[in-house]
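These notes are about the structure you will find just below.
Every chain is named by a letter (A, B, C and D) in the order it is written, and numbering of its residues begins at 1.
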Amino acid sequence: MPNSSSSLSSAKPFFAHPFDDDKLKEECGVFGVTGVTDAANFVALGLHALQHRGQEAGGIVSYHPDHDFNSVRRFGYVRDNFTKQSLMETLPGSLSIGHVRYSTAGSKAAAIRDVQPFFGEFSMGGAAIAHNGNITNADALRRELIERGSIFQSSSDSECIIHLMARSLQRNIPERMEDALRRVEGAFSIVAMTRTKLIGVRDPLGVRPLVLGQIGEGWVLSSETCALDIIGATYVREIEPGEMVVITGEKVESSFPFRRQKPRFCIFEHVYFSRPDSIIGGRSVYETRRQIGVELAREAPVEADLVCPVPDSGTPAAIGFSQESGIPYAMGIIRNQYMGRTFIEPTESIRNMGVRLKLNVNRALIQGKRVILVDDSVVRGTTSRKIKEMILDAGAAEVHFRIASPPTAWPCFYGVDTPQREKLLAATMSEEEMREHLAVDSLKFISLDGLYRAVGEAEGRNKSCPQYCDACFSGEYPVVPADMVSKGFEMKAAE
Amino acid sequence: MPNSSSSLSSAKPFFAHPFDDDKLKEECGVFGVTGVTDAANFVALGLHALQHRGQEAGGIVSYHPDHDFNSVRRFGYVRDNFTKQSLMETLPGSLSIGHVRYSTAGSKAAAIRDVQPFFGEFSMGGAAIAHNGNITNADALRRELIERGSIFQSSSDSECIIHLMARSLQRNIPERMEDALRRVEGAFSIVAMTRTKLIGVRDPLGVRPLVLGQIGEGWVLSSETCALDIIGATYVREIEPGEMVVITGEKVESSFPFRRQKPRFCIFEHVYFSRPDSIIGGRSVYETRRQIGVELAREAPVEADLVCPVPDSGTPAAIGFSQESGIPYAMGIIRNQYMGRTFIEPTESIRNMGVRLKLNVNRALIQGKRVILVDDSVVRGTTSRKIKEMILDAGAAEVHFRIASPPTAWPCFYGVDTPQREKLLAATMSEEEMREHLAVDSLKFISLDGLYRAVGEAEGRNKSCPQYCDACFSGEYPVVPADMVSKGFEMKAAE
Amino acid sequence: MPNSSSSLSSAKPFFAHPFDDDKLKEECGVFGVTGVTDAANFVALGLHALQHRGQEAGGIVSYHPDHDFNSVRRFGYVRDNFTKQSLMETLPGSLSIGHVRYSTAGSKAAAIRDVQPFFGEFSMGGAAIAHNGNITNADALRRELIERGSIFQSSSDSECIIHLMARSLQRNIPERMEDALRRVEGAFSIVAMTRTKLIGVRDPLGVRPLVLGQIGEGWVLSSETCALDIIGATYVREIEPGEMVVITGEKVESSFPFRRQKPRFCIFEHVYFSRPDSIIGGRSVYETRRQIGVELAREAPVEADLVCPVPDSGTPAAIGFSQESGIPYAMGIIRNQYMGRTFIEPTESIRNMGVRLKLNVNRALIQGKRVILVDDSVVRGTTSRKIKEMILDAGAAEVHFRIASPPTAWPCFYGVDTPQREKLLAATMSEEEMREHLAVDSLKFISLDGLYRAVGEAEGRNKSCPQYCDACFSGEYPVVPADMVSKGFEMKAAE
Amino acid sequence: MPNSSSSLSSAKPFFAHPFDDDKLKEECGVFGVTGVTDAANFVALGLHALQHRGQEAGGIVSYHPDHDFNSVRRFGYVRDNFTKQSLMETLPGSLSIGHVRYSTAGSKAAAIRDVQPFFGEFSMGGAAIAHNGNITNADALRRELIERGSIFQSSSDSECIIHLMARSLQRNIPERMEDALRRVEGAFSIVAMTRTKLIGVRDPLGVRPLVLGQIGEGWVLSSETCALDIIGATYVREIEPGEMVVITGEKVESSFPFRRQKPRFCIFEHVYFSRPDSIIGGRSVYETRRQIGVELAREAPVEADLVCPVPDSGTPAAIGFSQESGIPYAMGIIRNQYMGRTFIEPTESIRNMGVRLKLNVNRALIQGKRVILVDDSVVRGTTSRKIKEMILDAGAAEVHFRIASPPTAWPCFYGVDTPQREKLLAATMSEEEMREHLAVDSLKFISLDGLYRAVGEAEGRNKSCPQYCDACFSGEYPVVPADMVSKGFEMKAAE
């Protein structure tokens, strides 16, 4: 695959911040709609609501009987690309799907070729697919497909699916998709379309979310419920793990083409990835996070004057912590709402102010106070250190970190961008070592059981058969990451 | 002045949202620094921190003995324009000032000509000025200056100052500036520069803020303290109402060239304009707003299940209301952080979803609850209605609005973009009429005395000689808005 | 294939002028170089010299052992895209190929996906190809390949070659290319590259040109010699019809993998496509065109005062006509050198000035004169009419058209963009009918034999076995255009 | 004046080529029209036809009673800016003027502020002016105006005019313009407009051209007649030296407000600046240039095989030379028509190919031949050297240069961009020294008398009272260049 720069857009790089490295990154959001006029407009709105799942690029495909398939793929935010009347008019039709993405860690450079939905022209017509998740045997599949004459256009693992479909001997596209997905390992929540059908599929473990909604006579598929709200659609149900739905006109057909397994939904969706106004498994994400704060206050109480969230993701847990502990909640750190991902620090000399571009301490409030800082997670620990320094500079008497997730000690291979294992602070340090490293007065993570309780598992984690995928905390991977293992990744020894 | 489109930039319009109409808009932020290497980089950071004071456009001027004055003025956010190494290198020197602005209501179209700082070449050298505020006799001054042969380049009231300076007979620029400002009525906080001097001035009433900071051996002038924090400068003091400071190298000279008056700082800076992490008159803006919430809970209690802020500006008052009332604080409305000012609703058919693009109700939380919504102000009432509808659609049992400012019944003429008086809800309706109009279970504004108490005036407002400019609430204008009066604006009859 | 708009570039349409329709359009130029530092810079220069062969878009691929394959493809002129240091630095390495293209008539909209070189990743490594010509059985091949699981990314006929190569069972890329090209019918002059090899191939008829040059220790392949001149390379020889050269380091290996046929080079390359400073078959293109003018003056003399070229393509023939006839040569029509392909007539009301934007009559010179206008060809006749009107408006006494090619009565299917047959003036009218249609005093085309004499065939055209492909004049197609015939195109009945 | 970068456009620099340095550059073209619907469209076409007079930037102002004055000023070609329907719709009205410009040698960087037309708002209404020429006492005027309180917005000499007008005590704009222009020295052909009037003025010497045309009921002012042709206007007459015409509706009023002087039209307009299809003083520019070739063949004959123009400006003289000498005319040098001003040579290593990007030798034609090269002028001699080398590399037996103007030994201060005197080859070398420097077999310039004969002065140049301004050849400046003299420029000693 040549490194390509086919457009002006790709010449404009999207720089991640040093302090943005300190979060895990959901890699994708998917959305599709059928049965509405100008479906692509709805997809644009849906993707806007899912922007937190992928900020680097977005794409929309639509189909209209008189205008065939049309596709627009762009770097940048949905609001900056898919909002111009003139552009949206190039995407006519009542059937449309879309995708937002964050770049994979490994890729050398952003390329428009890697932006989904991907499209394939088959002998029975075209199909487009948008994939959230990650195929853990993609390298092996790619090698095999190239050997047999397929030409890949992107560096994306998801492109395998379209080539497997192209080579299937099945007579229609949904069956070809089943064929293809049976060869695929890992996590996938897929929204796809043909000239007449909207298709949704979820891998047997159901690692990534996918929900079904209804709008008028039409149907919607979305990564999260918050994107149903924005278009005024009503929530119907989740697509089940291992389920495929094929929507033709008003008819929704459901099947379960894969071997059944016990579901293992990603618990980190509750902790950080999903939007707080989404509902997962019937639970408010916001309420789950607030409950994490409550559990954390019980597990790791401390005397202090203020409970402050690290904005914005620590906010619900901080509210819960404050309510459980009775210590007043306060906005000790203010976020600059005009901060964008594209801010480039002007010069070397100023670069080390880093996190100040994004956050500022509420100095008058903090001075002389014992402060509890609630954050959602600690990944590399780089931002945590900087925030602690800002708080101390402002005159805080004590700084106590409370983290709304267990220590992140293992990389995710199911559609999340994580640093290599050795970069994860918790992979090499104990909790006390981390506290020393961050030089704070105390540091406590919620326990794995506490987290399970917060998501509604009153008994905590079922050790022999965990209810969720929590590999990033536990190192117990529900699917062997075959490509990574063949590249030398060492899995945790069985206990 | 011809309507000009001198650049691609100006071809890209910045659309205000219908629901953005429902806030008063600060029109400008100013920032200047001297005595640091690559001063323009510091100005860029400072303006980034002041972006909430003006999002439409920004400009920076710098001076270097070998490269003369250099200037860059652009539409759009600071982070999108003033962050490229190649651009910043065109602004060399250790002395620099900058400006961010929001467009004035009356101007037909955005024009790069109207973006400050303004520059004038005088016989003793050049000077650049950046102005926050509004000149209330600008029309009369402009007519007189044109009559005498001045050629205006912009439609901005601030350009008068530079022409008045050009015609002054004084021998140096600071004295010419005094000369000019003595002719000017209204509100002005000005940061200006010559080849060797950084100058700050505040009108005798001190309507708009201006603070002095120190960074290493250098000095900083800024609209707010939050912009000192971002560059690591230390806060020294406020420039006093009616004061002019002239900074030459490390030396700061202060004078009071205008007739002394009793100061009347804008109380709305406390309510909404300034950033919560800024400090005004020695008080934390955040703490003042939280205190407003406390006062509001005392003045207008109500039984309810949840206290929810209208994000983001209602947050501190909501925290205060919750703490005083004991009713739990909750994020009932979630803000889409990827919403930008430039989002254009895709098509007519979708346009009426309006506020949903920006805000979503936390449905699972709200259902069946009695909700108190805390907002900072009600201007036209359009957004308040939409938010109320969203909350009810989500199944709330009751909706109670609590507003952290008195009814906004009069336009501001001192540097704030306000609708015409007849568009202000409170100009034509009583509180009960507004409640009916918004169709909520209750609606209460903080009293003017309550607001004064929250800003630290234990006795409330001094009716005979108010401590602040509160014309937008009281209709008592400390400076007669001469141009507006001559256009037919009717001031409140003396009581 | 979805209609795609993957980039800002593609949002900028390239409008052809009404009067540009009146030329046949060469569709491509190809260029490759190996054995020089920063080879892509040389390719950029070569493509700039070949810009007349394709103005819509261009692409360059390069290979560097440390940086792999890199590719840039853009709409617009070479000079506007491939001249920025920062861009060219993304194309490192000593081996590089490039392509310029004009859009195919049939394509709905310009798409960056259709811009060559095309790239394929095979199990033994990657290869890029750039193709000048047209594959006449591309539709059939595409159908077959899709049936077998290939996924096409473009609407280009040339993409078949890369898929055929992907499916070849040969072990190395040159042999896979032979395999692929044996399945292909039509015209092809190809420049290709692997990680170590520069490859050139020409179809057995040798319809399109391809030459070999040398630069230092390195080698060059180019559509025309003028592109050797620009980089200071020396001309070595033409690639022979049916020849494949594989250049590895300094070594050039030649083979003839196809069944030998009698060559049929495109005679229109002499008339119009190639640049006058190129050398084809050892003959100066300029001199051939001047000689056409000489033949034309002999075949179709007329009394007149001035011989004027229709600029710029008629110039050499006009010089020849003047020299043979003794009638003075003059610039009766002046071309606006700032005319670009992207000029859009401002408004409907002005649109009918058409050709005036590009050409102006030298009024003072023409007035009262009998004028001979020499043009290279008549396609639809639309421009000829307008030029005649301009000449008469300027007061010419008589207008005589002399055309440096025979009547263009048949479309080309070998890599030239021609109107459908019914749009060709000569397809439906006799010479006298055309004269009446154009309303000129006389109209004469050179005879087919005269044209053959001018290109050096003293005996004229060999009717039983023509020395050139002259299908556009004669309707005798050396390769059956299979796809077109299956779409209903009727070939000329055998005589 | 701060160096400004107010727009994206100005971030895109326009590089002059090294080999473009070798021409004198006309600095401006002006055009205005009244009495037609959508006048700005006509101005765009007129400026397109005048693009050869200034390629760096262009501007258009229009006036419509309902929409006031509107203005668009842009860097780049007319065809790239003033052709979009959406842009042209921002310039409504039946009265419009425009300007194209080349940057002045002295300016540090291109700035949109320097692009004309300039606009001034006076107490009796606005006026816009577009100026071709140069004000030789602009520095002194600027100093005086600044001293008195004027603020300059550009670095252009032309801005003085608008400030002088602003300070005039006259009651209407035409009279204020007279007032202003009486203070001004140098060359000016001005097109200006008020809300109701189109105004044209020419300085008393009439150095730069300006013509009057008619279109329907409307009137046109243009630098050259070729711009009348493009909009279908008929030529009426030249504006006379020292004349001012004020056009109100259909009425044209003429006056002569300046002290009468003997006209001294710029003879270089005939040699190079004006387009060959323009008519000046009743003479075809093309025919004058052909006649220069005839004179040159008589004055400086030489035995040779071919007469070749240096394209494109040497073409008419080469035709004349060939016709007078009987030596065949041939296109020995081919110009790349896709060469633009913005081409930046890719890398240092390739930079020295210079002129090859633009010109290529017709190798097959030149080989072994004695070649006469006809060029319009020799300025620095840099291009002449490169062309000679290309010709010799291609195998020419002899190279003879014939130059269609006398040696250019003095800079122009009347609106032409010339190098400093010491950079002019002819300022420091005799004809024989230049021949040696260029290393050609012979080099001959036309004599000053020969040039005068070619423009129709049968007796040649009137030494005591020259009919034209020929200061660039003779050093006899009809207006003392006051600013330059005060900067140290030494005029030729009186003989």
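One rule holds for everything that comes next: a residue touches a chain if its C-beta (ideal position, glycine included) is under 8 Å from a C-beta of that chain, and two chains touch if they have at least 3 such contacts.
What you see is a predicted model; the values in this text were computed from it and never measured.
Under the touch definition stated at the top, subunit B and subunit D share no contacting partner at all. Between the contact lists of subunit C and subunit D, the overlap is empty. Relative to the C-alpha centre of subunit D, the farthest chain centre belongs to A. Averaged C-alpha coordinates put the centre of subunit B at 61 Å from the centre of subunit C. Per-chain Cα centroids separate subunit A from subunit B by 36 Å. Averaged C-alpha coordinates put the centre of subunit A at 50 Å from the centre of subunit C.
Chain contacts: subunit D has no residue touching two or more partner chains.
A complete list of chain pairs in contact reads A-B, A-C, B-D, C-D. Residues of subunit B that touch subunit D in their complex: 1-11, 61, 67-74, 87, 90, 112, 115, 119-123, 126, 128, 143, 146-153, 162-163, 166-167. Per the touch definition, subunit A reaches subunit B in the complex via residues 37-38, 41-42, 44-45, 48-49, 51-52, 55, 77-80, 82-85, 88, 226, 229-232, 275-277, 279, 283-284, 286-287, 290, 312, 315-316, 319, 323, 328-331, 334, 336-340, 342-347, 349-350, 353, 356-357, 360-365.
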